[in-house]
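Below: the structure, in structure tokens.
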Amino acid sequence: MTNKLAKTNILGAPSWKFLLLSATLFFSYAIPAYADSHEEAPAKEPIAVEAQPGEAPPYKDYEEFAKSDGFEIFTINNLWILIAAFLVFTMHLGFATLESGLCQKKNTVNILFKNVFIISIGIITYAFYGFNAMYPGDMIVDGVGDWNGYFAMGSWFGVDNNDVTMVTDAYNPGYPWWTDFLFQAMFAATGATIVSGAVAERVKLGSFMIFATLFVGLAYPTAGSWKWGTGWLDQMGFYDFAGSSIVHAFGGFGALACVLVLGPRKGKYTENGLRPIPASNFPLATIGVFLLFLGWFGFNGGSVLSADPRTVAFVCVTTALAAASGALSSMVCSYLACKKPDLSMALNGILAGLVGITAGADSVGIADSIIIGLIAGAIVVYSILFFDKLKIDDPVGAISVHGVCGIWGTLAVGIFSEEYTVGTQLIGTLSYSVFAFVFAYVVFSILKMTIGVRVTEEEEERGLDITEHGQEAYGS
Amino acid sequence: MTNKLAKTNILGAPSWKFLLLSATLFFSYAIPAYADSHEEAPAKEPIAVEAQPGEAPPYKDYEEFAKSDGFEIFTINNLWILIAAFLVFTMHLGFATLESGLCQKKNTVNILFKNVFIISIGIITYAFYGFNAMYPGDMIVDGVGDWNGYFAMGSWFGVDNNDVTMVTDAYNPGYPWWTDFLFQAMFAATGATIVSGAVAERVKLGSFMIFATLFVGLAYPTAGSWKWGTGWLDQMGFYDFAGSSIVHAFGGFGALACVLVLGPRKGKYTENGLRPIPASNFPLATIGVFLLFLGWFGFNGGSVLSADPRTVAFVCVTTALAAASGALSSMVCSYLACKKPDLSMALNGILAGLVGITAGADSVGIADSIIIGLIAGAIVVYSILFFDKLKIDDPVGAISVHGVCGIWGTLAVGIFSEEYTVGTQLIGTLSYSVFAFVFAYVVFSILKMTIGVRVTEEEEERGLDITEHGQEAYGS
Amino acid sequence: MTNKLAKTNILGAPSWKFLLLSATLFFSYAIPAYADSHEEAPAKEPIAVEAQPGEAPPYKDYEEFAKSDGFEIFTINNLWILIAAFLVFTMHLGFATLESGLCQKKNTVNILFKNVFIISIGIITYAFYGFNAMYPGDMIVDGVGDWNGYFAMGSWFGVDNNDVTMVTDAYNPGYPWWTDFLFQAMFAATGATIVSGAVAERVKLGSFMIFATLFVGLAYPTAGSWKWGTGWLDQMGFYDFAGSSIVHAFGGFGALACVLVLGPRKGKYTENGLRPIPASNFPLATIGVFLLFLGWFGFNGGSVLSADPRTVAFVCVTTALAAASGALSSMVCSYLACKKPDLSMALNGILAGLVGITAGADSVGIADSIIIGLIAGAIVVYSILFFDKLKIDDPVGAISVHGVCGIWGTLAVGIFSEEYTVGTQLIGTLSYSVFAFVFAYVVFSILKMTIGVRVTEEEEERGLDITEHGQEAYGS
């Protein structure tokens, strides 16, 4: 019975949808391959650590480079950015456990499967397309770039092994290209993971996999290039240190669009008002939030893009303070709002503080970070209650945590830092939010009209684990 | 029904208790603020890496410092201490999962909530008060200090951003002040977390939150300053490398006091003898212990306070050997005592070995570390059985693991290292144990007499998750 | 009732078996101690960082060494290898959670206990015997070694603290001996852990503990010395970067032997065909695989044996790409084979990719790593189905993941790298597989004939947690 259901219901119905998925993957390779042979490839000549644009790399070979004065710092930078990449990787485990802990037992396998898929497809698409699309790199060489600042075609990420210093003409002169790729690839997958939680418990697996592939493989690097690839928002003076907007608001408002297309879970909003759907496993959710907190030290600390002791230390402290004050603030606010000390709100408070500090972790003051966290922790509580009032069903609170607090964090840079203005910050954060929302809305709507995005009522009732996977999360 | 209970019973009964908590927080800021304006602020002029006391910092600005000879090592030190801070942070997840795994399902949300609170309030109070209270710093400058060696008033931790090398007149010349703060803040919260496990399943949430705030915010930095702030125990020749006494015996004997005030869980000690209350989730508890083992590499390894390869490597090896031998010893002893291979004892054996080696990880021999672990692993088994005989109910064995093995580890330094004497070690470890015990006993007794420290019998029966939080840990 | 069962059935029956275990431990110390006093001890004079064989160490003392030019890099290397050791340690938590997640609830405590034991005994035996047996070290000094290249007697691992640079005549000139030990000790325990999963749910605890002690304490360092200790396979030109064969095929084929001796779980293969035994806890298993993925960055990245930025970054990227492509490939293949998106296969696909890349992570190309992962992800699916057809019951798929993919990964080096030949790679990987198989088969058969290796049918039915440990994994 179980197996029969599993057979007939996966990915909607016919297995050609898996072919569609494969086609998508192929497509993300074919386009750049085509592009590579039809346009001049983006200039990827190595620029050595201290070389000026246009100069030749100053080292004959790697051995000579290894004896140079800057090599120790180069090595330390590399080590730190790699470790930061590992920490950001850990966040994916954090998301997997948080989301599966906050949802119902019967959809746990489905959530875990999606998370395994997202980190995998995220790394692979970033290698085939995303990295070079997000960091076209020419801007730094030419002063004014020969890409338009809005969209650069991606391509296979690999560099020539003969590059002496393994650095590129993109933004990172201080550590190797490969490290750069790994760190950024771990970031890339985060956006789609945020959506994963919001659409959980009723989304059709195959449709989500297609959406996630496009969202992480195409939309994220395009939008990311606007700021981090030195595109139009960067030139306008917009600042987003580690991605309150570029990653979190992007993911959060992509999630909002998907949830609007998808609709709420069956039975959540009834005639008699909201019927809460309790979390299935709070220890799992708590593990998730602690791992996200841990990983955020890499997310923010690694975004310094070097191991510079002053900045990295500062960033880690603002990150920790915002997380801690976010938790305390959420505890108080949710107590005031719900008259009980709510664990899920406390957990979301930590995340809210972290999302809030992400845009300005290096540029606001130490005390400001506490204020940013306190406000984020309050925002997330009322935002979650607000979306529930609107009957927008987000099982894990992702829209509030990542979307709303992502906007707050971006604006906070304009408020607390003298260098940046609230106006530019607003333009930037809205650009990311609106772009992600529109992209997600369009793609998800097309999927809805073609292969469908939502499981049947019966499948939702029985749970996606049995109906999509033929597996139960908790056996005997 | 559930919600009604939750509403009426949180924090005892009326919500003014939350106000009390807020007042406590405010208090921890107001006092130092007052103090700051009424006494000469503790001297916080930066002392550069190689500057002698009294000398001016040798670097014009950070850029000059960054070009100096010591900057690479400064950067490596910073990286290691930051990573050590992340590892100690991981221990808080370890405590959360260990404690919730060893207790009953019905109290899981409560335990997790406490752990989220402790790490948050620990970081915040340490920023507002604790760090400067624990490391007054003058001693190093003046030879004889202008604080009394027993108690220094704390204050806001921040340093002037203009400090060229970001180091202070406290004990850490080798890496930035902020890194120092983060590492020590992660330590600070540990003491209160140890108590959390021992009082689990019957303590009133609000009372515990007040207690934890005072314990981590006030008692810990005061006692910590005696040794690590170069106070009276330091001058006496007492040695506690990473805190067998300062953190673990401190937490363990604070826990003992609270448990004595609180009494055992209902139904544990019956007329017919001890009725074991089994663990609810052994995988969770095992995750906890492995994470604690992992985190301890940062706890001990980071306590080297530099990345010096010889010492850090040595410390990590003694740490691992003591943990491994502690586990093996506990397996054998618990098998001899209980005639079965007991998982919880094996897990406690790892922790016992770790607590045991903490005081002397850098100063005992490699083979000594195995002996210390073997003895700690034996002690913890018989100590747990002993406290159960005394009807002192400690659901997670925290008093034995941290308290008793903390004393053992501190004495072991006197036994195995030629530099330190058993007598001085005994004075030191008793000072920490007695201080923590008395402080906890007094505070917890006052709380008992005022707002109460224990939930009602009915609440204990139903579980704190429903009655205090209106949430269940494991849903459907 | 429970307790009575627990008392009478542990370790077979009588407690003299625990004595046997103790004797084994003692034995592993006595032999080397005897050996030490009857043969010339292996030359362990320190060789300084840049000293040539035969030269005296160039530094007077550690302080002088610390001022030398190479000390920064030495410090960075040390930090990275230590962190890599922590990451490999994390893999043991990964194995513990993966195995307990994939097995039945009733055997969870047993699995966790075994994992706690293995990491502990692995570290201890490696200190007493394994490290010096695996890295005899003379080869490098003398050109041709004075050990035979097949077997070197181990001994207590400690070095003279007076060694100025703490490095040895073994393969590691770039970081301290103790760090080297810790990193390699974490590796050592992995082999036995792999077996642990395959024999789960029916193996007798005491017998497994004896087997694991010999497998990790004796067989692993002996076989490891053939390549990493510069033994006969190393001299033949065999290459295995981080242990596709030395660790994984070794563990996987040891597991196969044990499973053949032990037989399948009761009720798995019935007259009516295979009856799947579902996983008890998929979130736990997923945590395990993510932690293994994380830890593998240390497993492979640390095997660079320095923090060289070019190589470490490259290795981490090939590792991540192989894992990601392994997952995607397993998802597709298991979908084609089973017509459903199978989470356990996706998880095994990650591991397959990781095992596959381990032998050549530093020497195949970036694109090759994706191909290796894709093939490994396919292999693991069909291999698991194949072994099930043969009625070889491996609850966690360890034989396929580690054994079969370990061979694939080793051969892949011969295919994708120009330096190494498929022929030599085949000889090497078969040497490890056959040796592990034979060793495990002989030892496990002897144990079967003497104290037995399998619990009774009744015990298997009730579960090992109750019958061996008197504990249940998930309480109330």
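The letters A, B and C name the chains in turn, as written, and every chain counts its residues from 1.
Heads up, the rule we're going with is that a contact is a pair of C-beta atoms (placed from the backbone, for glycine too) under 8 Å apart; a residue touches a chain by one contact, two chains touch by 3 or more.
Worth saying up front: this structure is predicted, and the values here are computed from it rather than measured.
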item	value
Angle, in degrees to the nearest 5, of the Cα rotation that carries subunit B onto subunit C	120
Same-site or different-site touching of subunit A by its copy subunit C, using the half cut	different
Geometric centre distance via CA averages, subunit C-subunit A, whole Å	34
Numbers and ranges of subunit C residues touching at least 2 other chains	72, 76, 79, 83, 281, 287
Subunit A-touching residues of subunit C, taken from the complex the two chains share	72-73, 76, 79-80, 83, 87, 104-106, 278-283, 286-287, 289-291, 293-294, 297, 301, 307-310, 312-314, 316-317, 320-321, 323-325, 327-328, 331-332, 335, 339-344, 346-347, 350, 366-367, 370
Touching residues (chain side subunit B, partner subunit A) in the complex	3, 6-7, 10-11, 15, 18, 22, 62, 66, 72, 74-76, 78-79, 82-83, 85-86, 89-90, 92-93, 96-97, 100-101, 108-109, 112-113, 115-117, 119-124, 127, 156, 158, 166, 175-179, 181-182, 185, 205, 281, 284, 287, 468-476
